[in-house]
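The data blocks that follow each hold one structure.
Each of the next two complexes has chain A plus one other chain: chain B in the first, chain C in the second.
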Partner chain A sequence: MNRRRIMQGVAASLLLLSAGCADDDFESQVGELRQDSLNNPTDTGIDLEPGLWHDNVLVPGEGWHLYHFTPEQSGWVAFQMQAPPGHENLWSYLRIVDPEHNNEVWAGVGNKRTNLCEVIVNVDAGHTYDVIVTSQENSLLAAGATQETDGPYTVAVSPLTLDFEAGTE
Partner chain B sequence: MHRTNPLRRRAALGCLIAMASFTLPAWADTIDRPTLVADKPLDGSTEVTGSVTLERGFPYHRYTAQTDGFVRFQMETSNLENRPNDNEGVAWRPYLRIISVSNEHRHAEAWSSNGHQLDTSTGKAELVLRVRKGEQFDVITTLAQNFVRKRPDARANYRLVVQEVSP
Partner chain C sequence: MRRMGLGLCLALALTACAADEPEAQQAAATERPAVQMNDVSILWPLPTGEEGDLLLGPDGMLTAEAYEAAFGAPGSHQAGGTPAAPALEALRLVAMRIDPCAGAIHDRCQAEVRLVFQPVRESDAGLQADDSAVHAFYALDADALAATVERMVELRRAGGDEHLGPLAPHPRMVAEGLSGNFATGLAELVREVATPDRLHKVTLMTNSAFGKAWNFSGVDFGVDGEVTRVTMAHLPAGTEVASFFVGFQGDFGGEPPFSPATVGPDDLQLLGNEHVAGRATDDEREEAFAALLRIEDPSQHDPETTDCASCHAAQPIRQLVAEAQFGFVTPSLTSSVLPADDLAQLHGEDATVNLHMFSYKGRTASIHRRTVAETAAVIGWLSR
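And now, the complex of A and B:
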């Protein structure tokens, strides 16, 4: 009787273990299929500081990185992204969004030779801007297509002194 | 030998023409094939006005930098005087796109902004670039609405103000 119970216990444990393995397999499969996107970028949780460069890497499935920038002072800033010149599948692309200003968006595709992208924005103190980093290829990816971007980049925000006369504002 | 009645032949031809004009789009341009506004180039700091129509939804102006420094493009939209209630009376959201003309320094750069309509009578968009004297850019002045159906889908007047500054 005891031996029978032990065998039943072992069988149950094996079943649970195999179920666990099955779950692991399922998660890894889902993990392989998971891709971030323009509307669902991977939040790095990093707040950019003026004048400091931040290095990171885009990989297949994680081709959209989201940073945050909250200026203490209003004024012009240059958001810049630099990737290795001539990289086969990483062509620098920056997208800046101001959710507090009617979701105003500024985007730029970098110089194909230098792979440097610059987007200049007149920011408002206290607003939090989304700074989204990706590759031009990802921005044009058809639905269901697999991201192939796999390469390093650096991103920064730098204050600029610009003295435009009053325009349409 | 069977001979076609000339009247029937003309009627068939008429039908073909009518079908062709029904199936062919009334618009000619797209975001990838914008229409050059050749009589309004942007040479340095300047200002132009124009209109986005169902026939020409993606007008563009050729800008030539007159200085080394920075340039600011500001686009403003407003509803047509005879169509004040378009978009429920709110000026259409502008969409400004700028594409660099490649040279020894530049290659395939582009920028865009979809602006805002915080003042309902005017939609506004703004882009600022670093430029060298003599560089050229194509400045496409269209509406965010034209991306919804990927063709000209709304009418508006626009004003484009260009200002250059040296650092």
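And now, the complex of A and C:
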């Protein structure tokens, strides 16, 4: 298993918990494109498995892809997404949703030269998590604005062992 | 262990036989056996120009029904969303291997022929193979095995009886082209031997994570046609896909490199990540390197004792991590029946991470050290 040593302060900043956004009415169609969204993502129907990388492509109108993950074991995992470094309109962005508890954790890429985004979550065995993959631009679009994200990405969830040590950010 | 009958030994007019005495072994190693390395492990050259159409497709060897039973309907993702198997119609036969005694280290013996298919596409330089492969395994009885080996030797001798040397794209096909007598006769033999009724296993290697992860899976076909997932040695029960991830920089920074992690005694997880290996002690690295060499040794491991990902990743990890970064030295292969120059690894160097043990990455022929060792063991077995 992957082992990480993380200072507690940094770990806290990784785990950004925010209230779930409920906007069931949000739905739009632009031309003939199905303009999906955070609350209406395209469900890929794929269950991610630890350590296995899934490749896909975000296309205009399908700017939000939904995956599922049900861990067999409790513990820390890293949800990871990578898109081509320097891509003009695909900056990796992950949102991990715990529908049962109406919680979510999200992060956007911090370094466009890697275009790698990672969200570390302490998951419960047997609990199903939604993994929403999109581009950072799409997370900032005004309602109804056309998604233009167009590019490949890869996504995985990898088990981790975290060693916490005292420290400051 | 069941061994091939004396009849085959005589039919092949083998010049070398098993011997316990070192002197006899020395003598055997200077008299080349009648069966050569390239007779039992055959790599088709990737053609250029119009000969691209002459590579064999899977027709008559791998049916759409069997392929779909193994990997689902066309386009079906494999476990974890890993890529679908390549389209059957895109596959071309790039290699064939004859194994007279699969399972020998477990005191069992199943003769088989393995065909290696890869999806290919045209490029300005000629046909390119994608970084994926499908292996199809066909069970042979003793008579079929003997006939197949004999036909291979006859095919080679029909064009001259010169020594073809170590494993490489088959020198006769390289010289004659795919329209030559050897390739034509070989195609006929393959179609006779690799029939759907003999198919007992199909395995798959795909590529994901922008070319930085390789995924392995497979199925067994029972005698009644039932399909079961290949059980991968020392991986958690129910594992359908095993993966090796080299990291997005291609620098052996995968975290973790192998998923799922093996619980077997020989584990490449440490050397598979250069940063982890760098933090390890000398003793830990030496232990890991010894494990790697065992994984590359067909007398120590086979698919029942090590998983596909470890076996395929062993060579690039050895060359690009253990040797290049930590100074390990790999011992030369030896054989009691073959001279050392037959064991040369002509197509074993690749600056990229190349997991093809006997096939192509792009146009680069790749022949792993373990494949050389396995082929030498086959020659040794046939020479008994």
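Throughout what follows, the second predicted complex is superposed on the first by the 122 of 169 C-alpha atoms of A that agree within 3 Å, B and C clash if a C-alpha of one lies under 4 Å from a C-alpha of the other, contacts with A are read in each partner's own complex, and residues count from 1 in each chain.
By our rule, a residue touches a chain if its C-beta (ideal position, glycine included) is under 8 Å from a C-beta of that chain, and two chains touch if they have at least 3 such contacts.
Note that this is a predicted model, so its numbers are computed, not measured.
Of the two partner chains placed by superposition, only chain B is touched by A:W76; chain C is not. In the superposition on chain A, A:W106 contacts chain B only, with no contact to chain C. By the touch criterion defined above, A:E165 lies against chain B but remains apart from chain C after alignment on the C-alpha atoms of chain A. Touch criterion not met for A:P60: it reaches neither chain B nor chain C. Of the two partner chains placed around the shared chain by superposition, neither chain B nor chain C is touched by A:G126. Interface residues of chain A facing chain B in the complex, by the touch rule stated above, are 76, 101-113, 117-122, 160-165, 167-169.
Residues 77, 79-83, 208-210, 212-213, 215, 241, 243, 245, 248, 255-256, 258-261 of chain C are the ones that touch chain A when the two sit in their complex.
Listed in rising order, the residues of chain B touching chain A in the complex are 70, 72, 74, 76, 105-118, 122, 124, 126-130, 159, 161, 163, 165, 167. Within the complex, the chain A residues that touch chain C are 1-2, 44, 46-56, 67, 78, 82, 84, 114, 116, 152, 154-156, 158-159.
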